[in-house]
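The same subunit A turns up in both complexes below, where it pairs with subunit B and then with subunit C.
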Partner chain A sequence: MSLTGLYVGKADSLRTLFSELKRLGYVVIGYRVVDGVLRLGELNSFDEFAQDVEDVQSPGRYLLVNGSFYRHGPDSPKRFLYPPNLTLFMVSNDWIVSIPEYEKHNFAFFGLKPCDLASIKVLDKILLGVDEYYTSLRRSLVLIVENCISPGGTCFCSTMNTGPRARDSFDLAYTKLNDRLVLEAGSELGLKLLNLLEVEPIDDATYERFRTVMRNASEKARSGFELNGLPEGLELHIESKIYKEVAEKCLGCANCNMVCPTCFCFDILDVPLINGSAKRVRVWDGCLNFTYGQVAGGHFRPDLWARYRHFVLHKFAYWIKQFGTYGCVGCGRCITWCPTGIDLRETVKKILMGG
Partner chain B sequence: MKKLKVAIYKFSSCGGCQLQFLNLEDELLDLTSLVDFALFYEARRFVDLGPYDVAFVEGSISTPHEVEIIKKVREESKIVVAIGACATSGGIQALRNWANIEEYKQYVYPRPEWIEVLKYVEPPSKYINVDYEIRGCPINKEQLLSFILQLLKGKIPTLLIDSVCLECKRKGNVCILVVRGVPCLGPITMGGCGALCPSYGRSCYGCYGPMKDPKPEALNARFKELGVKLNEIKLLLRQFTNWSKEFRKVIEEYE
Partner chain C sequence: MSKHMANLIPLKALITHVKTETRNVKTYYVKLPNGVEPPKPGQFNMLYVHGVGEVPISVSDLDEKSRVVAHTVRFVGSVTKTFELIREGDVIGFRGPYGIGWPMDAIVGKDIVLIAGGIGLPPLRPVIREVARNRSAYGKLIILYGTRTVEDLLFTYEYDYYKSIPNTEFYVTVDKPSESWRSNVGVVTNLIKHVNIDPSKSYAFVCGPEMMMKSAAQELLEKGFKMNKIYLSLERRMKCGVGLCGHCQMGPYFVCKHGPVFPLWFISKYFWVDQI
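Then we have the complex of A and B:
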């Protein structure tokens, strides 16, 4: 929710914002260019923050080119809030159990897009108050969000109602309009940060431009299906032959699960060490993996098409029943990072059409 | 705790997989207090006769003599573990299965009639029941150590059988296939290597062989879209684990 309404400031306000977050002691995390992709990582200085690049995304392809606006890379906040590899506890050789002391981080995400903000809201419903590691980081998390003026080739946040403009749950949201920024505070901290910047209330002309930009962006991020009746529609067509058709192209490699900002499934590894002690480790897992459905006494989804179906139905139907929200935020990562370019939007559309 | 009595056998192979025991430099001394290397020609002359708790078997079976030995190994070992690409799918030697062995013999040996070999190079599992497989060319020493430590704890050892992609993404590697459009066998190859090659910017060579339930046809279709020629795809699969059931089937289709 906006505390302030919209303000206008200079583009270099971002630099001031960044410095202030650093001064307040936050570990600032934002996109950097690494090996030809945008990666989320700690930014030591504002100059490390990716600018002047654009990510060209399409099913199964990702390319970074010169540009003025980008969306995201393979990393989402999940990598930091729910790490791929986390030691849960250790057992010494005389059976004393100890829990590792996690380093206490104050993270500030900088320039996160609304889809990724939405993914944190989804993870909140699952992990907040349940997962200690997540909860401790989440309590002090600062979210500086950049509204998405130009959604990419695999984006569908408008359909999922998660973007392109962030409506709530941020500390500060900004929108780039050429050399100016439209700013909005969503928390007391956001308000404090806004007060440090040279801003003035938005004028009518700029507001009109802002609205136009956001409206055009919204048009770009549609999937061709609607949320209205979606869970019911998908469950009605649970026997759809489309799942088997798509599974012909599916590799069962679980890249979609790994890059999904809300996929929270994990595997537990008991790792004995050479000194006689052992540790229990939690690692990312995903429902497309064969072993995911493997349990004592058998396997509950040996067919790949059934594993793919579960992925789709969980995101768009079961999640609603479990957590009261969709499991998909429309970021499009599962489409871009699928080695064979399977397009989730197309799957859902075809199923709803009765295929 | 009783030491694990271990034998390490070599069949047709380069010796690089058993070398991974010795490459466990930091852990090796500690390991010798837990494991009795009763037969380990690459490391020691002394041999303590069987029976053994565990036999690690390296290499493929390519001669009638090796068939006899591998059967004996099975008889005298409680657990048989095949280690490496050769012992799990035939390895590089199995490339000769795609050619005419009689012709090869003529080229290589002055008296080819002295050479007694099987028509096909096969992994030990063709002749005996193998309890566990540790993949790779060579095997990963961390995975090997983890396997032994799990056995010592009395746990059923678990090894990753899903894709290399899983390890790549957990590690935070950049996807070579999606970003550079370079063919990578990661999505059909069994993980466990820690996504070694992609971590250094090279696409996966598939040395761990097919993962559980792989879909090489679907990946090949993608390679074709990226402009990779049929013959190149065939060569990609005809590497370390060319004789594995799943890769072989695809190569045969392309022949």
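Then we have the complex of A and C:
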């Protein structure tokens, strides 16, 4: 929740904010342009922070062009808080177990969109207090969120109630209104940061402008289905033929799982080393992968449609039962990064219509 | 040590004995590491072969006094195939016990029918042991066991003992009999309709391949068993055993921690759905 109400400042306040986070010793993580894609990474200077670009997203398509506003790339905070490849421990050949010393980071995400903020709230319900690697990073995490004034072609945060405006759980949220910023603090730290900036309480005209921009953004991020009745609607159609129809286009590549900011499944690799010891590595896995449901001498989901169904039902039905929240934040990454452009919004809509 | 990672760290455990069961099945007797609570019937442990991998194996016997736990392993997967090389005196990695086992309290004073297919007998063997040990605490015990061939039958050296347990019936069947086979032929679920049992005061425990369990559950329902008296031990891919890695999901349930033993009423919404 906002602690301060809304303030207005100059656009270059972001530079001040960035410098202050650096000065406080944070590893600042934000989007940079790498090989024509927005990638999340450590920003050494504010100039590395992607600006003047826009990501054009549609099912199966991603293109970076010149522009003034972007949403996101394939990376989400999950990449840093729950890394794709983490050595859990080593076992020597005489069975001495050693745990690697992980570098202690104070991360500050800079310019994260509300959907990705929401994804951290989802991961909290699964990993906080359970996975110490996550928990330790999360405790010192700073979240500078940019409200989404122009959702992209695959976005549906309005439907998932996760955006386009961040409502809580951030330190500082900002909204770009041409050459000005609307700012609000959501934590003590956010309040301190806000106090460093040249800001003034929002005036009526700017407030109206802000409201209009957010309302229009909200209209752009609807999916065509509603949350009301969604989990039960999907479960009642658990035998829907739509899964088979849609999966005709599915390659089983698990891109959707990998770019999803909340997919938490992992595989365990036990790797023998040349000196006779072995290490155990945790790597991301996904339910669309063939081996995910495979056991010795059998397979519980040999068909792609069944694996795709598990993905859909997990996100919108099972997750509620397991963790009390949806597993989808409406970021649209699984739609954009699907090589064949399978549109989750369309699947859900068709199933709810009784297909 | 992190909670998450501690969960996934195997403890060193000694193999006290290896018993050959069939051409591709052996039973490994593992001394429980200090501090580990003894498993209950129907629970499983994660067994780790150094540098190779880890597999969930259910408990097929337990000696409380010596703290030695039996795991009956069939060599079918990339990890279990390496079990063939394990000998008495070797060291293995151990995590567990995990999951919810058979409802031993519920069956006190009741008749019990155990239905096992193939490698599904080992998880039920501790139930047989418990009933035999406290014979008067339970009603009639009926054991139905089936395998594909005669060579696949497990624990054949115990069958006379099973039959000698008072108030116990033991029926065995094979799909493909040998010439010398003089007992039942066909799938084990065919036997269900022939057994003499009163569903209103009985429990059924089922463990075997999923197709066999579906058909067993169907037969039991037709025989008059209610869904809350039918318990099934499910199999799924499991990498963590503690409800984190996601692989074992059956509908919204993590088989490793919500199961592996489930009453049918609990999972009935999902159990019958193809490839759920």
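Here, the second predicted complex is superposed on the first by the 353 of 355 C-alpha atoms of A that agree within 3 Å, B and C clash if a C-alpha of one lies under 4 Å from a C-alpha of the other, contacts with A are read in each partner's own complex, and residues count from 1 in each chain.
The rule is simple: a contact is a pair of C-beta atoms (placed from the backbone, for glycine too) under 8 Å apart; a residue touches a chain by one contact, two chains touch by 3 or more.
Here the structure is a predicted model, which is why all the values come from computation and not from measurement.
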{"item": "Subunit B versus subunit C as contact partner of A:60, first or second or both or neither", "value": "first"}
{"item": "First, second, both or neither for A:95, with subunit B first and subunit C second", "value": "second"}
{"item": "Which of subunit B and subunit C A:196 touches, first, second, both or neither", "value": "neither"}
{"item": "First, second, both or neither for A:278, with subunit B first and subunit C second", "value": "both"}
{"item": "Partner chain(s) touched by A:37 [first = subunit B, second = subunit C, both, neither]", "value": "first"}
{"item": "Touched partner set for A:133, first subunit B, second subunit C, both or neither", "value": "second"}
{"item": "Contacts of A:270 with subunit B and subunit C, given as first, second, both or neither", "value": "both"}
{"item": "On subunit A, the residue positions that both subunit B and subunit C contact, one per complex", "value": "270-273, 278, 285, 291, 302"}
{"item": "Residues of subunit A that touch subunit C when the two form their complex", "value": "88-89, 91, 93, 95, 97, 99, 129-133, 235, 238-239, 264-268, 270-273, 277-278, 280, 282, 285, 287, 291-298, 300-303, 306, 309-310, 313-314, 317-318, 321-322"}
{"item": "Residues of subunit A that touch subunit B when the two form their complex", "value": "34-37, 39, 60-63, 74-75, 79, 84-85, 248-255, 258-259, 269-275, 278, 283-286, 289-291, 302, 304, 336-337, 339-341"}
{"item": "Subunit B to subunit A touching residues, read off their complex", "value": "27, 30-31, 34, 145-146, 149-150, 152-153, 155, 158, 161-163, 165-166, 169-172, 174-175, 177-181, 184, 186-188, 201, 211-215, 218-219, 221-222"}
{"item": "Touching residues on subunit C, where the partner in the complex is subunit A", "value": "1-5, 8-10, 12, 48, 50-55, 74, 76-80, 91, 93, 209-210, 235-237, 239-240, 244-247, 249-252, 254, 269-270, 273-276"}
